[in-house]
């Protein structure tokens, strides 16, 4: 079980590393419903191991603190009452220090478990826990960026840590021919339930861009009045733009005629050749319309993925997040994982600079409501 | 052009017939954003003929009243400023009588146009106008039902006019084999832009029910605690149930232990064997989960449609309303027709008892946000 | 009882007269919570006579229609369940015609009652009902103006019916000396419970303006940036200005550099010398601050009232609407009349052009939340 | 200047002492708009000394950090842009430690100033700063209690620190005779602008209770259905009860049939004989109605105050917070102090267990919107 243990330890250590530049104060706030504080991510990913594994596989396991089950549960309705999602930022106790003790306690028990031979069921749950924690690592850093961005003094998280300065390595269009393609996960490794049910999809001829849209491309859209012309927008997107007075990607601000963006290194001037990021599905779709192109479907993306460079940005597709044929929700709390969000969310494919190494897959189905922008999201065009 | 003229006249007359049981007062209120008053439907469908046809095809056409262009425009951003959608219920002038004069005026001009040979372009626009009016006839009657339902005295629209008392004619499951199927409109007749782009879809084996879910079936779900158990629900659906304290289909109320429903004939006791209606996508999906089945996709529905009895209910599918491959938005105001709603809405297939005769098609893609229930919606299961 | 009967008949007839220019359509809409449709005012004032008088004083009285008690009750919690206040605009049935029949039915019964000798209790209730109807006449016309103002075509209610074109008859300041003054109603005539409890108030020296603020005065405030400078405003008023983007009195609009105002005669250009109207308490107080003056208290107003010309506008005072010493809430439904609004409302004194003749009194305490502007409100300064 | 210096030092030290039981985490959250985090209170009270005094009276004063002026300003519109009030809980940097350094820096400069002779103007500003900080000490502890109360694990702030366990020392009614009374501050000591303008008020005979309402008294009200009977409530209060499902004073919860309350010592069982606290004006007024009494006016309270034991609770009066005759708003930022809140707030008189020693006065006018309950508020009846 060495490699599983190592993988577990490496993952757990990476969460701590991500938090190493933080002050205690930074662990607390939750300015918006859709993001959570670092303290909560650290606790919740630990709670998952305690709740789903230690309580079931360790005889006479003493839970660290009964309050934690209540406080750090997330959506899992099947596992007792949960603290209100929108009030995570009010929970000052347990302290950050106690949360780290909780991590250490749970780690030591998991490590003990992994010293012996482990059943296939346990192994799978550990791997699920690792992947779960990796998902929360990505959220931890993007949520943190969002929280820090509220501070008018533009705090620096770390000197060399810019998630958004990335450039394209290829240009041009890739042609894919009409055919039946197999979509979904197949094989041995880890994957989420929503990728299962490998199935056939018929795709017509299409072309997909080898590069992602850049800041320079998007500035053209802005300067051409893209945000002011309803004809590029979905009706719901147009309402979103107007109600929220959206005039640029998230974190952008114009200062004395120049565009800047808040980054984890502080406020930085926009680099035109960098890949565009922090845009909503609405903006992605309006940009594609303006350009006379469209967004790819998730099936087109997956069929083309082996011939593309990807992994720097989550790429919005024009596919709603829906169950694959034969999708079955697992029994119990683990079954709440993904299926219940299959409505009014759009699929993003690829991975981003915030995605932990080894967590990416070309069958991975990320999903968010079309209005969200705080993830590292970008645009790849199709036609 | 006789048959086109007849079709035009028949359609225009049917709108008036639908309103014949109304009092002047009934033409006015708009209790909710998503529904419109009868007066608005009558005017807007007339405005469409004036704006899209008469102003372009009749030399020296004198518009009936310049205010009407402003007041009875709907979403068409390209055609001047429009009155606010949520304030349609405040517009008492022009009066109902003036609106009928407007109809007569526009009708006479269209009829004059149709006496001569007409160009293909004009013919297509007339047919679009007819279909547009038919869509509004369906909304007129379902919106009206919704408005009247607010009145605690349960007003009767008409003695013999119950949209919801329908029974199944078949039972059992239809098996469809894995294959490539052609989806979308093909041929000569009228269709909307969203049905175009006939294309191939690969479908795996599936079964689809020959009957729709009945009130008796759904009462079982209610009595089994279906509305109180999160595990059947999408996360967003569960929030919807709880925030709105949903306990039954729309218009249902329990009086002294018996279930009643508001209908256009007044309050009626629920007939167990009648086909269930007035449910949201959330409820449809939760019911399917509870039953151990699922909803069909719109592609499965269309592939099976020739072997099914349909047309009594709009049937929720588990397909998001998205563009078909090669979908192109038309230029100009007509182009605003359907494409801009292709986000966060789900497809319904079939037709309902409120759909005007001849307006239904097995390629028709109706769509609503998953929360809406005021249309004549029902459930067909798949597995 | 002749004069009481005449008074009753005159009052009842005036409600009908106020509605004579209306189309059926105008009786229906309720665009905002705080206003009610004409149909409701006509019904509710009738309901008051049926509920409070006929049901108690007429043996074997047959109520006109049991639904009406439910539909046309207002705030009177003590008298059965009431229809929801915000949904009055959805109630199309009973029709306007039925409502007029209801009025005739109730009138005939009241008239029969008044042919005989009537007890003091009955007499007082009739007088209360008359005054109640007069209050609703004022609301009927101001609510109607508000509803019609939503219509972009600026409908004309009546050719000669402008509530807001009034001029001052006097100028200068009136000095009142420090003393104890008696405040509140005394004597025989009708008055509301909130005026009772005549009591002593000590007033210091003050001056009060003989004229009301004019449109010209207020235009100076606007042009001096009054709406943009927080220092004139109460904190809550400043938020109100900014959240609602208030830039002028209600119904004002600037068209090609000129100020216009919606009136019941249609859109009219602002007359500088007319008395200002349709302003909130927030605006009144900010204007007074800007002018280096203040608003009078209701006690100062009442003490000075016999030496002032008043009655063209409700005048905002800087007095909260609170109980006089010894104020007692009457038992039963009638007791719900005024006391329960004694929080977060400000007192207006005087009367307006919409107040029915004979309904005004210098002890009358009108009251509204400081944000409301749809009544005929104005400013008299003090210092 | 020794005593002023001592007073300054003592006040500054007390803020620090209040925070001594806190963890860093506790300094951050702001769960509701109306409360602020401890870090903000510490910074803002310091900012007041820097902004209003050091920048004006110390030549070549180097401000500690230019960001702080922006971040820790509150309502003072006149002093540059301010950070958004509702987002104080998102500001993690500067850290708590930096905030303490800021305090030390400003303290040392103020202390240096106070070593020399000081002008009358400076002296008055220092005293204002001290009183300002004392106000914030009271808010700091009541805001903190509110924040900690969100935590389902009921955190303990300190073992011996219960603000709400207080008992009456007297019983019975005090009679006050009809007369002219002088109201408002007079003399030498510190007072706020809203207490100025000592003036005459005529009071009729009244009686005022020597004791405050107890938990036992209020439990009677609850058990008698006080929260369910509209007739005791102001209309706005009744809406407040129903919209917020209010069933008990703030912080109360019923566990297995017994009433508990969250306190700064953790969850404690309700002591019947303790003085009731944490109630809104709405509840105070409804209780008084139910009891057949009323709340005193602020004038009655002040006239009787020398014969009463007070200081354990802020006592709601039935007086709106309005300007005294001759009230003038001071020029400049200091002038924003109190006047701008004189609308839709009610006056509380007395002081509470959270009020710093020496800060209370019988002319003190505290004020809150009638819905607020997080201060230490109670009821004294009058009749």
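The first chain written gets the first letter, and so on, giving A, B, C and D; residue counts start at 1 in each chain.
The working rule: contacts are C-beta pairs under 8 Å (C-beta built on N, C-alpha and C of every residue); 3 or more make two chains touch, one makes a residue touch a chain.
Here is each chain with its UniProt name: A, B, C, D = Ergothioneine biosynthesis protein EgtB.
In this text the structure is predicted, and so the values were computed from the model without any measurement.
If you take chain C and chain D together, no chain is in touch with both.
Counting every residue number used by either copy at the chain A-chain B contact, over half are found in both chains.
Rounded to whole angstrom, the centroid-to-centroid distance between chain B and chain C, based on C-alpha atoms, equals 44 Å. Chain B has its Cα centroid 37 Å from the Cα centroid of chain A. Remark: chain A and chain C have CA centroids separated by 57 Å (rounded to whole angstrom). In chain A, no residue touches two or more other chains.
Touching chain pairs in this entry, ordered by label, are A-B, A-D, B-C, C-D.
Across the complex, chain D is touched by residues 75, 77-78, 180, 199-202, 204, 206, 230-231, 233-238, 281-282, 285, 289, 294, 318-320, 322-323, 325-326, 329, 336, 340-344, 346, 370 of chain C. The touching residues of chain C, when paired with chain B in their complex, are 23-29, 31, 39, 67, 70-71, 83, 87, 89-93, 95-96, 147-148, 150-153, 155.
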